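Right after this note come the structures.
Each of the two complexes below includes subunit A, the first together with subunit B, the second together with subunit C.
Now for the complex of A and B:
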C-alpha cells in the first residue's frame, strides 16, 4: 500500500490552497487528487470579477486565480492525480482511490497518509415542481460550466429560478453566450443577490418575477424536452395564488437554489457533523486549525459550509499550514502567526450584508466542537 | 407551501414518488434513513445526492418537524459507483 504524509481530496480553491501551503510549509510527500479531468474546481468557470476589498482579490476573475494557483502548484512540484475519486475512507486513515488511467480506464489504489485534508466542495440543490425531471431542467452551475468551460449552449430560451448571485451572474453570462433568458423567477419578495448584477439584467429588458415560483414545466419539445414553463405568484405564506399563472415558451430551466456541502467522505469517517442552516445542512465542526473531530483529518471549503471561493481558499490555507505544523515541519510560532493573519482575512470576508450571517454560522459551527467532540 | 402531487418523482435513480415517501412516513419512517430503507429513495446511482434534501423537505412537511430533525443519508463505501473489475484488480 502506498504511504504518504498528506493526502488532499479535492483540487478546487480549498484543496489547491491547502496543498500549496502544506508544500511551502515543508511537507515532502503530498498527494492531491481530484475526480475531474482538470484541477481548479469551479474557479475556471468564474469568468466574472470577484467583489469585496483588494485584500480579497476583488476585481480579479476566478479563472485567473485558478491559473495562478495551478502555476504555483506546478512550480512547487505538487503531485496531482486527476480523474481520481476517493471512493472510501477506512480506519487508520486508509483511503481507497479510483485512479484514472491515461487510456480512460480506472485502477483502485489504496493510500495510507499520516494526515488527510477533505476539500470535497459543494453540490447544487434541486427544486421540485411538476415536471422537474424533464430533460432541459438543470442546475445553474451546470449551465455555467457548459457555457464557460465547455463552450456549449445549454439551450436557446432559458428560465432561471433563483436570484441569488449565482442566478443573477449565470443569467447574464448565458446572455453573453448568446442564449435568450426569458425570465428570472424568485420566490422571495425581493432579489437575493447584489443590485449591481440585477440591474445589468433589468437593463437588458429581462423581467425578474419576485414572489413567484415555477408551477409546472411541460416537456413537449423534441425528445420530451422542456417546451413551456408555467410560473405562478405566491402569497405571504408561500402558497400559489390561483389565476396568476403565466406561461413562457422555453427549452431550458436553470435552478439556482443554493448548494449543499458534499459530505459523503466525512460521514464515512464518523466525523461529527452539526446541522447548520445557512451553511447548507449537516457540516463537520472543526477547530481553528480546521481539524475535524477525527484527529489528523482536516476539512476546508464548502465541505464545512457553503460559502464562496475566497473563503474556501483561506480555509484551505489554514488546513495546509496546520497539517504541515502537525507533521513537524513548521515551528508553532510561525504557523500560528500565519494562521492569525488568515483568520483576520476570513473575518474581513465574512462581513457586510451577505457575510455577517456566515460569520455567525461559522462561530456556531466551531463553538459546537468541544461538546460534540466529547460526544 | 403547496401540497405536492403524489405522482411526482423524488428519487429519479430508483423512481420513487412523493406518494411512496408519504406512505413510508405513514408506516412510521421519521427520517431520511427510515424512508430509504422502505422505499430505496437514495440507494441508486447518485446515492441520494440529488433527492436527500427533497426527502428531508417531505418529512419536514408531513411530520411538522424542523429540517435538522429529519436526519441525513447514511453512507457506505464505495461512495461513487466503481466497476467490479477495478475493485477486483485493486491491490491492498
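Now for the complex of A and C:
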C-alpha cells in the first residue's frame, strides 16, 4: 500500500489552495487527486473577473487564477493524479483510489496518508416540472462548461431558471458566447444574486421574472428537444396563479437553483454532519483548523457549505496550513498567525446583506462541533 | 422599485448611496459614475484609482464613494470593476452632446466611427450612439471600454449600446 503524509481529494480552488499551502508549509510527501481530466474545478469555467479584495486576486478572471495556481503547484512539485476518483475511505485513513490510466482504463490503488483533506465541492440542485427530462434541459453549470471550456453553444434560445449569482453570471456568459437568453425566471420575490450582475442582464434587454416559475417545458423541437417554455406567476404562498401563464419559444432551459455539498466521502467515515440550510444541506462540522470530528481528516470549500470560490480558496489554505502544522512542519506560532489572517479575510467575505447569512451559518456549524471530539 | 426587484438601478438608489454626481462637477467634464448600491465584499476600484478618488476602506463591504473633485475622469477604474458598474460621463463634451464610456465584453467590439444604438439600464433603445473611442489595452484584461457620443439629455440614461 502506498504511504503518503497528506492526501488531498479534489483539485478545485479549495483542494489546490490546500495542497499549495501544505507544500509551502513544508509537507514533503503529498498527493492531490481529482476525478476530472484537468485540475482547477470551477475556476476554468469562471471567465469573469472575481470580486473580493486584492488578497483574493479580485479583478482577475477565475480562469487566470486557476492558471496561476496550477503553475504554482507545478513549481512546488505537487503530484496531481487526474481522472482519479477517491471511491472509498476506510478506517486507519486508508483511501481507495480509482486511478485513471493513460489508455483510459482505471486501476485501484490504496493509499494510507497520515492526514487527509476532503475538498470534494458541490453539486447542482435539480428542479422538477412537467417536461424536466426533455432534451435541452440542463444545469447552468453544464451550460457554462459547454461554452467556457468546450466552446460549444448549448442552444440558441435559452430560458434560465434562478437568479442567484450562478444564474446571473451564466446568463451573461451565454450571451457573450452568442446565445440569446430569452428570460430569467425566479420563484422568490427578489433577484437572488448581486445587483451589478443583474444590471448586465437588464442592460442587454433581457427580462427577469421574479415570483415566477417554470410550469411546463414542451419538447416539440427536433428529436424531441425543448421547443417552448411556459412560465407562471406565483402567489404569496408560492402557488401558481392560474391564467398568468406566459409562453416563450426556446430550445434550452438552464437550471440555476443552488447547489448542495458533496459529502459522499465524509459519510464513509464517522464524521459528524450538521444540517445547515444556507449552506445547502448536510455539512461536516469542523474546528478553526478545518479539522472534522475524525482526527486528521480536514474539510474545505463547498464540501463544508456551499459558498463561492474565494471562500473555498481561503478554507483550503486553512486546511493546508493546519495539516502542515499537525505533521510537525510548521511552528505553532507561524501557523496560527497565518490562520488568523485568513479568518480575518473570511470574515470580510461573509459580511454585508449577501454574506451575513453565511457568517451565521458558519458559526452555527462550528459551534456544533462536539466538545468530546475536540481532544 | 429597487435593483433587487427589477434588475436595474433607480436614480433614487444612486442618491441614497451618495453616488450621484453634482451638476457643478458635471459642468467641468468627464467624471466616474459608480453605480454600486449593494454592500458586497469587493474593492478593486479603490486600488485602481491612482488619484485616490474612490474610497471603500474597512470593512470591504462599504459602498464605494467617489470624491468628485479628485476624479479626473481618466477611466482606468471602468475596466477594473468586476461588476461592470462604473461609467465615465462627460456632460461638457459639446453644446448638444455628452459622452458616456462603459465596459463592453461582447463581440463584435464596436469600432470608432460606427453608429450603434444607445440603450438605457433596461436595454431600451433611446437614441443613436456614435462610437468615439474604443480602448482595449492589455491592462484592461479583455474588458474593452467604449465611449459613445449621444444627445445630452440622455447622459444619465445611456449605459450601453446595441448593434443596429
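Going forward, the second predicted complex is superposed on the first by the 370 of 375 C-alpha atoms of A that agree within 3 Å, B and C clash if a C-alpha of one lies under 4 Å from a C-alpha of the other, contacts with A are read in each partner's own complex, and residues count from 1 in each chain.
Keep in mind that, in the parts below, a residue touches a chain if its C-beta (ideal position, glycine included) is under 8 Å from a C-beta of that chain, and two chains touch if they have at least 3 such contacts.
Just so you know, these numbers come straight off a predicted model, no measurement behind them.
Q: Touch test for A:108: subunit B only (first), subunit C only (second), both, or neither?
A: After superposition on chain A, A:108 lies in contact with subunit B alone.
Q: Touching A:98 in the superposition: subunit B (first), subunit C (second), both, neither?
A: first
Q: Should A:87 be classified as contacting the first partner (subunit B), the second (subunit C), both, or neither?
A: first
Q: With the two complexes superposed on chain A, say which partner A:203 touches: subunit B (first), subunit C (second), both, or neither.
A: second
Q: Once the shared chain is lined up, is A:71 touching subunit B (first), subunit C (second), both, or neither of them?
A: A:71 contacts neither subunit B nor subunit C.
Q: Once chain A of both complexes is superposed, is A:238 in touch with subunit B (first), subunit C (second), both, or neither?
A: It touches subunit B, and subunit C stays clear.
Q: Return first, second, both or neither, reflecting whether A:79 touches subunit B, subunit C, both chains, or no partner chain.
A: In the superposed model, A:79 contacts neither subunit B nor subunit C.
Q: For A:265, select first, second, both or neither according to whether it touches subunit B, subunit C, the two together, or no partner.
A: So A:265 only meets subunit B here.
Q: Would you sort A:249 into first (subunit B), second (subunit C), both or neither based on which partner it touches?
A: neither
Q: Determine where on subunit A the residues touched by subunit B overlap those touched by subunit C, and list them.
A: Residues common to the subunit A contacts of subunit C and of subunit B do not exist here, since the sets are disjoint.
Q: Show me the residue ranges of subunit A that touch subunit B in the complex, using the header's touch definition.
A: Per the stated touch rule, the residues are 1, 35, 85-90, 96, 98, 105-110, 123, 125-126, 128, 130, 132-133, 238-240, 260, 262-265, 267-268, 273, 275, 277, 281-282.
Q: Okay, in this complex, where on subunit A does subunit C touch?
A: Result: residues 48-54, 58-61, 175-176, 178, 189-191, 194-206, 208, 210, 348-349, 351-355 of subunit A touch subunit C.
Q: Which residues of subunit C touch subunit A once you look at their complex with the stated criterion?
A: It comes out as residues 3-9, 35-44, 47-48, 59-61, 80, 82-85, 105-107, 119-124, 141-143, 159-160, 162.
Q: Residue numbers of subunit B touching subunit A in their complex, please.
A: Interface residues on subunit B, with respect to subunit A: 1-2, 4-5, 8-10, 12, 47, 49-51, 53-54, 57, 67-68, 72, 74-80, 82-83, 86-87, 89-92.
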